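Below is one structure, written out as structure tokens; comments come after it.
So that you can tell them apart, the chains are marked A, B, C and D in the order they are listed, and the count of residues begins at 1 in each.
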Amino acid sequence: MSSIKIAVIGASGYTGADLVRLAVRHPDIEIAALTANTHAGKPVAEVFPHLAGLDLPDLVRNEDVDWSGIDAAFCGLPHGTSQEVIATLPEHIRIIDMSADFRLRDTQTYAQWYGHEHLAPELQKTAVYGLTELYREAIADARLVACPGCYPTAVLLLLAPLVKAGVLVADDLVIDAKSGVSGAGRSLKQNILFCEAGEGLSPYAIGTHRHAPEIEQELSLAAGRPLVTTFTPHLAPMSRGELITAYARIADGASVEAVRAVLEEAYAAEPFVHLMASGTTPATQHVRGSNHCRLAVFEGRVPGRVILISTLDNLVKGSSGQAIQNFNVMFGLAEIAGLEQLALFP
Amino acid sequence: MSSIKIAVIGASGYTGADLVRLAVRHPDIEIAALTANTHAGKPVAEVFPHLAGLDLPDLVRNEDVDWSGIDAAFCGLPHGTSQEVIATLPEHIRIIDMSADFRLRDTQTYAQWYGHEHLAPELQKTAVYGLTELYREAIADARLVACPGCYPTAVLLLLAPLVKAGVLVADDLVIDAKSGVSGAGRSLKQNILFCEAGEGLSPYAIGTHRHAPEIEQELSLAAGRPLVTTFTPHLAPMSRGELITAYARIADGASVEAVRAVLEEAYAAEPFVHLMASGTTPATQHVRGSNHCRLAVFEGRVPGRVILISTLDNLVKGSSGQAIQNFNVMFGLAEIAGLEQLALFP
Amino acid sequence: MSSIKIAVIGASGYTGADLVRLAVRHPDIEIAALTANTHAGKPVAEVFPHLAGLDLPDLVRNEDVDWSGIDAAFCGLPHGTSQEVIATLPEHIRIIDMSADFRLRDTQTYAQWYGHEHLAPELQKTAVYGLTELYREAIADARLVACPGCYPTAVLLLLAPLVKAGVLVADDLVIDAKSGVSGAGRSLKQNILFCEAGEGLSPYAIGTHRHAPEIEQELSLAAGRPLVTTFTPHLAPMSRGELITAYARIADGASVEAVRAVLEEAYAAEPFVHLMASGTTPATQHVRGSNHCRLAVFEGRVPGRVILISTLDNLVKGSSGQAIQNFNVMFGLAEIAGLEQLALFP
Amino acid sequence: MSSIKIAVIGASGYTGADLVRLAVRHPDIEIAALTANTHAGKPVAEVFPHLAGLDLPDLVRNEDVDWSGIDAAFCGLPHGTSQEVIATLPEHIRIIDMSADFRLRDTQTYAQWYGHEHLAPELQKTAVYGLTELYREAIADARLVACPGCYPTAVLLLLAPLVKAGVLVADDLVIDAKSGVSGAGRSLKQNILFCEAGEGLSPYAIGTHRHAPEIEQELSLAAGRPLVTTFTPHLAPMSRGELITAYARIADGASVEAVRAVLEEAYAAEPFVHLMASGTTPATQHVRGSNHCRLAVFEGRVPGRVILISTLDNLVKGSSGQAIQNFNVMFGLAEIAGLEQLALFP
């Protein structure tokens, strides 16, 4: 197959850079344009020295891209900006958006959580939620795929099949999430300075994190009724990695074994989602840099309780890797193309 | 007051070293003996270079201590060994044990969780559980104080008053705990190597951690009936610090405000336990090296749910600092004596 | 003695915060004012949560301090601003400046390295260079003490006595320096984000670091002739700590033993500077949070070469601790007053 | 080309694991056997969870490998053991040894630095020193390639061409080296525990590190006369990465430009060694996980001094990646085969 030409819009953030890392080695991708308005004119290596020596196009402004020969755009812009820019793209461009802009199906909910009216509500109606394992068929035909947030990816791969199968009491799920610092992006904020985030751990945005409505949207769809969840993210002193510890009650008639069986069946044929052997504990460092997500199920001491674990690299399976995976589905490529990097450990 | 002479039994672990760090600057303590069987004969600074230049006695074997002039012993030995050694101490020695050996009031429970019969069951009957804020009066009169584990300290300071006050549905508490690596001690284990624990996060001992029965023992006492909890510890890539995120339902008739009020009242006069202002988030790095514990209460998105946070330094308030605090109570000293170090940040 | 009232000017940086940490527990200090123009009106704990609960004055603007009852000012402002503010202080205020503004004795050199004319050249003439161990007598009588930079402190404690004693070939000293990230301050810069500085090490400002002329000024004074040095700083992924590895040739007639002897004699009576036993290696983590500096001397494989090591905590002995030490000297207090904190390890 | 069958001897260390990470995705390699005597019988994923799901052979004992169908062996055993095991391999096996056993050309020097007589002195004579860029032709024909140590790789890529070209005063080179903790391997040692190595930096093995004779051997060959160097390694709190800061005097008649020109020419056509643009600073985090080495040249403040920087990932270009590179040369493959992974940043 001849190469598919892509643009990466917003290539100066961590998500954009990791997309480039993966795309450069993708057998069917040619990177035709990289945009970063504040760094326009610079070589990529000036912004990300680890990407030196790759014969990449220099960074340009979004509006300076010649879209005529380009097939697809990956968008790594901040929310708000993404919808504006995406709305201007020519019709022939297929879009994989890694921002939050098209994740919420209901533009009212968007306005409520993001503080402004949605600027492309018609486009929103056409967006497909890009959790590959759940929406593979719709993704294949979509023009615009809204890749899930990193937390929702980890949470939904773990909980959506279980909620759908009815093996959990879904009305009172407790989701304790831990993330590495790269989840906060590359913008200059005091709390992500080395001296502030290092050697420390803290919860944040308790009850107010914007990934909560996204998680609830999808779990509600899985349940067939509206669900609200308890979702508490924490910032951990590592660059990459995300770990979800979810607490649920097993539904009447179900069992820990039934819970395991649902996940086993859901992911038996999946290349990137793995249920770990009983008693084995996942760790973020064992999926670092890879597109893999590992799940585990543990019986609790409280009868009827189950403890559910999910882990992934927030920048890969939680963002850029999943974006490539969706791209592969959209263009009829092998789903693992360009995603075979093994985890980097230690 | 003339100095109280102490021995530190098991001074070559992190707990012992942090006890020494605090005791050296305690206005009423004289360190008379330091033991460490495998390092007997060495100066402390050879085992802990940060303790050089302090005019401390060299390390000796447990059996080589002359107990005649000593008033109190802090014991930082591993469980199992502690009870053996403590059983041999002269009657006039008051003991602050930082091991797990005398924490469980029921020796059957001990045998079940620690895998061997308790070796000093009579001594166990005399032990007082050393959570200072809850058992101050009994501690004052005790000969043997069993300092709580680091997780139980953080959990119980947060939950015990609430369970006792009946403002939570206590039968189904979910406790998600995160700890720095020093909680695992200084012994040579692969999972605590820098390259293994660094830049990664993982749960461990799900449903099987030995601090669970200790937590349940005390929460059951607070509730007046047997409670079982869901307790999941995680290892985080930092040396010190512990953070508890607990999830509970508010009891009928209670409210988030009532929950806050209980903690506010419980700790209004306490020097080391602080309820943070509403909306303020605690972080482990802000109590690092200090004897302080910070608590916070958040309302969840799920009606009736409350999210409760507790944080402390596992080696200080979670171990050696609390031991000194108990010592102060036992000897009628100001409770803050020797514990006024501020947190070291960054 | 009744308390000495101090103000901390520029209390919202790491240097200011660490000064507060030490001053709060200093037996002879009362903190009368804390300034931070961009945070004026806030309680300190809002800017530095680890300093909560200490009954400190709120942050005010520099110009809003009532200096009438104040005896001394510690200044933690950025260079340039410091000299402006210090020039306005009433004559009765004794000043311990932790900025770079009065370190260079020659205002021409200042202008060359800091890019602007010195704004208080007359004041500069009165400043005493605040390396306590070298200039103790002059510091005692000074109104304005210019505390050395963190690198110069570590370098000069190591090399100045040796250069003065003539045991090294001083014309070609190689100084390889490694610092934790807190040395870069709390301002928002991309290279000190957790994800940028974490898990990585790099040199910076090779041949252009502003601590070079300061080092050379003092070594030249020690040598009695102008010296130029090779000074290469590196950023290491830790919050605190500084380590100098200096390479020198031993002067004709001298020896490794002579080198050791000079340091031994220079620091035999010093409370905070320690020559380590032969063969023992210093480590930054063993002085973390303390005011101690550790030195070591090693013979190299190349005949006539000596490898010299110096380590300290850049925020304490390299800044705030040394400032307190100078304050103690200036006010006739015990030099160790308020500086007895032991290193926090691990 | 049909696959080349390899065995990895000593697959339970970090070097072995990183070799497996690279070999699994190498287009021309089939992993036929993995050995690890202490873990024989286990699946790899039990020892290295990040290598799960790869359809790898289980770990076996060295003596249980059926060598008949195998073409090449990578050896990641500790020194001493390597030479014993390698001596027993069938003649048709080509060997890429990542241990220290065959690096020193002179077995007397080996005995002196490693504390025992060399056990395979005849084999030693046939070994080629595996610094690919310097010895590519000899490597192509070798049966046994001794891959350099991580420090020597970084040092020699930087200094060997310069010494050979005569642009440096080679008799008094100062080499200050900093390494991540993975360089110390996966064995259980106290100094590499997270709590010991984290948030700290220290020199070690000053004047006694076993990589010194290896560096001197090769620099002496480049110089055409015996050289001794000053080599000081430091342990930095990161898992991967190595940075060399070398200090040299420029030879009479040469210049900083001449130094740059030598490196530019030496590596113009090299895929993995890069001289950075003037004024640009290398950082370990920008080559993490990749096989790249970055060099830089800086003029010092002392006339005639040059500061030379080299950085690489100690486990990749410093060990397993270079081993694969040598394998590619030995088997006539493209030298970059299996080594195209980009650096993982952040």
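In this text, a contact is a pair of C-beta atoms (placed from the backbone, for glycine too) under 8 Å apart; a residue touches a chain by one contact, two chains touch by 3 or more.
As the structure is a computational prediction, the values presented were derived from the model and not from experiment.
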Shared chain contacts [chain A and chain D, defined touch]: B, C
Most distant chain from chain C, judged by the mean position of its C-alpha atoms: A
Whole-Å gap separating chain A and chain B, where each centre is the average of the chain's CA atoms: 39
Averaged-CA centre spacing for the pair chain C and chain B, given as whole angstrom: 36
Rounded Å distance between chain A and chain C, as computed from the means of their C-alpha atoms: 45
Residues of chain A engaged with two or more neighbouring chains: 14, 182, 195-196, 198-199, 237-240, 283, 285-286, 288, 346
Residues of chain D that touch chain A when the two form their complex: 14, 17, 21, 24-25, 48-54, 182, 198-199, 239-240, 274, 280, 283, 285-290, 292, 340-346
Chain A partner contacts - residues on chain C that touch it in the complex: 14, 181-182, 186, 188-190, 192-199, 237-239
Sites on chain D touched by chain C in the complex: 172, 174, 176, 178, 180, 195-196, 198-204, 206-207, 212, 228-232, 234, 236-241, 243, 245, 247, 281-286, 288, 298-303, 305, 307, 309, 311, 346
